[in-house]
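Let me begin by handing over the structure; questions about it come next.
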Amino acid sequence: MILPLLLLPFCAGLLAFIVREDRLRRGLLVWTSRMHFFFTALQVWGQLSGIHGFTPLQALQGGAAPAWFAFDALGLLFLGITSLLFLGASHYASYYLAAEKRDPGEDAEGLFVFNNAPEAVFTGCLLLFLAAMTAVTASRHMGLLWAAVEATTLLSAPLIYFHRHKRSLEATWKYLLICSVGIALALMGNMFLGAAGLKAGGGLELGGLLAGAGGLDKPLLKAAFLFLFVGYGTKMGLSPFHTWLPDAHSEAPAVVSALLSGALLNCAFLGILRVNSVCAAAGLADFTGGILALFGLFSVVTAALFMLGQRDYKRMLAYSSIEHMGILSLGAGLGGAAMFGALLGALSHSLAKAGLFFTSGNVLAAEKTKRISEVRGLWRRAPRTAALWLAGFFLITGLPPSGVFLSKFLILRETFERGQYWLAGTLLFFLAVLFAGMAKVFISMVFGPREEKEGGKPFTEPGAMLLPALLFFLLVIGLGLYLPAWLGGLLDAAAGGGL
Amino acid sequence: MHTFAELMIVLIILLDMALAVTGSLSSCIRLVAAQGVVAGLLPLLAAGGATHTRALVFAAVIITLKGVVFPWLLLRARDRSGARKDVEPLISYPASILLCLGAFIASSWLGSRLPLPESGVAWTVPASLATIFTGFLLITTRSKAITQVLGYLVIENGIYIFGLALFVEQPMLVELAILLDVFVAVFVMGIAIFHISREFDHIDTAELSELNDWRRGEYGK
Amino acid sequence: MEIVKPFCQYLAAMTLAPLLPGIVNRVKAFFAGRRGQPVLQLYFDLYKLLNKTPVYSRTATWVFRAGPVAGVSALVMALLLLPFAGRPSFLSFEGDFIFLIYLLGLARFATVLAALDTGSAFEGMGASREMQFAVFAEPAFFLGLAALVRVSGQTSLAGIFGALTPETWRQAAPVLALLTASFFIVLLAENSRVPADDPNTHLELTMIHEVMVLDHSGPDLAYILYGAALKLWLFAALIACMVLPRHSGSWAADAGLFLLVMAGVAAAVGIVESVMARLRLTKVPYMLITAFAFSALALIFQMGR
């Protein structure tokens, strides 16, 4: 099942560059995502039911030769997230592209007219981006993982530059450069990792590294972790390496922001989890856990501080992503039940944030501005969008019942159980700051007195562009109410494998 | 044979220094290309005679890519963006030289601290760390988009040399994937430079400052 | 017997030194397509100047008169320390390379004091520039000698260059190559050669060394010119000893080869002067800082070996 998963989006992506008919290309996008999701489901189902007493290591050691591409529980979970998200995004994108075609070149700020990138390039890069992310989740070789992560950067850069104007170009440039340099440091980390295993005769194959973790050179392994953490942490948007993230998220089209936030950041997180698992197997869990927790907390604090006085609602969502990445990193650093919480958080944050970004695209279409101060009384102009917008706010800030709530709760409970009250207190305080900051924005946008602009056309909400967000929100609520046994098992296995 | 490899290492450090102080864009591009070629030759010299086909092929690919393709791409990006003006560093010549020297001293200290496997050629690790530092220096002290790409390439060179020093054998597929990524990175960045020059009429990244959280301009209000 | 050969070497250096500027000039003339001065021109000039009566300003004191004498005697002294073709020098003791640096400093000090004593604004300017560049040149030179000491494990100049063998080059080629480059740059700057200073220009605003000696005449000027030739010889000999570590055993062969390399160094100076333009004054320290970086790199390399 791995080969079709990799090759399908890759071939479809190449095909999208040469297809001339717009509707055909959109169909290709949608159907590729459906097929990809179908294959993913098959893969998950097959792996969960096929192997009794499933643990990632056993699953891999079943094969004769160490495969470079294989799914363990962790990879499977992130593959599922990516595929599900892309399914929603592709449906949203096909309507979004059609709408852009009808009404192109309208600058949201009203400053000047701009062009869009050719749709073929956009669709092609989108599909190749999916292929690269699938490769990230499937990689069992640290070098290959690196190459795939770098490929996601390069393939998503043209996506951010879909609207061809100055600001998106600036965002693209920052994204390209900061992430490329960050990933270059991760390459350095890979070298250290290889050097650490030189005496043990390891190489960079993950299974071999995990099996021979005891023989790794400890100081070199620490250096490797630091470099890989900084490298993938840049991509993941952990503060203080996050500077590209708000720019890229605010300037990219809504569908791309959703994919960046929901899928790409997770892929980088997966890279960190991989090296973390190697370090933990070598007995360095305290060292790596401390670093993960520290930077995680710092990211939450940074996000909270930047959230106050935020003027752009897409930037606000981007900072919320930084916050959640911080929480994930914190959870992974604590380990145990918090790791389970972090993985659940990765899943539910992806769904909730993608839904929010989809909705933000609708808000942008309705109001033609990204400034918070200019959006008032959204519910009068676009009631369904406003309802989703508000629902997304409740979900993302972690009000029960939602998966986000559950994950935050698990992580907080773990801190309390370990007696780290200072950590818990700080986290709670800044979560409250974040909630207050976001509440102010969302409430003033949805309610508030509306001044009708002169000559404003009535806005019709396309149902197809609301549906993905609605479904994702329902899923997040569902996760908070009921966790299916198979998903719980998968998360458990992934949390165990990630440790 | 090792003396020759050591001479190459010295050459790499001297190229670092030259890069840190050069004000002309085209000579910057050529210096980076020269460094890439030297780095590509290094494994052949360090191996000392016992080279097999794989190493030869790989060195040939690297040298073609770094010595011919990248400079060509970058010179083309420079021509098309009309960025013929010089790229004087923001910090002075003596400061750049001394920074490079300091970086080298610091990295030799670091290199002696790290419990790295003994490599045949002395000074490879310090030289690679100093090269990475020079790359960061290029990115931070020059204001042209193209010099930032050059800085990225210099960092890449440094990491490549670092990998040589550690004898980290990667499978051919992985190394080729890494090279492909770097190639595409430079390609995409070249396109971005072209777009930047068209949108902004120059490639000065100091102008890329509209997006931030605190600005109170027309956009931020 | 052990005294005679070094003394002969010393005398040879003293007499042959004024040849070097002649060779430089001939190379420059060749590149410019001229016939140029005779190679022995400096000898004629010295002879002419020594027969003249010096003229002294009324405001000048004994410092002005002592300057050229002190300068040339410091250099004559320095030459005593210098090995010739890798052979032992006339005078040699542990740590004499520091003595050499101080002798060079003394010569500079005497020239600068004499220049300041005239009270002329031009000469003061030249003196200040001379000292400014010396600040950059001396660390480069000193670090370079220190690196050589590390390479050879000897602390006397004769010992250092006696210990340099082809084997040393095979082992420490990067260090020695860096040092050669560094010393060559220092040579150009210390001897007021083209990228740093132009010995031909007589426009006071751009001169460094020449402007300091404007007021000297007659035998004083002869001493200064001779001192300059000795200094060029000294630096060229250091470079020649470094790039020519082969000791064949035959004294005559060694000496001949050495003289040939000396001529080669002079020719290299001439070529540099022909193909390069003079640097702007503000850029001259940059050049010397580069030399400093070379020396420092060589030292670091040698220390970590």
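Lettered A, B and C in written order, each chain numbered from 1.
In this section, a contact is a pair of C-beta atoms (placed from the backbone, for glycine too) under 8 Å apart; a residue touches a chain by one contact, two chains touch by 3 or more.
Note that the structure is a prediction, hence the values are computed from the model and not measured.
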item: Most centrally placed chain - per-chain CA mean versus overall CA mean; value: B
item: Furthest chain, CA centroid comparison against chain A; value: C
item: Rounded Å distance, chain B centre to chain C centre (Cα mean); value: 38
item: CA centroid of chain A to CA centroid of chain C, Å; value: 67
item: Mean-CA-position distance for chain B and chain A (Å); value: 30
item: In the complex, chain B residues that touch chain C; value: 3, 6-7, 9-10, 13-14, 17, 21, 93-94, 97-98, 100-101, 104-105, 108, 112, 122-123, 126
item: Residue ranges of chain C touching chain B (in the complex, touch as defined); value: 170-171, 173-174, 177-178, 285-286, 289-290, 293, 296-297, 300-301, 304-305
item: Interface residues, chain A side, partner chain B - complex; value: 68, 109, 111, 141, 143-144, 146-147, 150-151, 153-154, 157-158, 161, 164-167, 169-174, 176-177, 180-181, 184, 187-188, 190-192, 194-195, 198-199, 203-204, 217, 219-220, 223, 246-247, 250-251, 306, 310-311, 315, 371, 373
item: Residues on chain B engaged by chain A in the complex (per definition of touch); value: 114-117, 132, 136, 139, 145, 148-149, 151-152, 155-156, 159, 162-163, 166-171, 173-175, 177-178, 180-181, 184-185, 188-189, 192, 195-196, 199-200, 205, 208-211, 213, 218-221
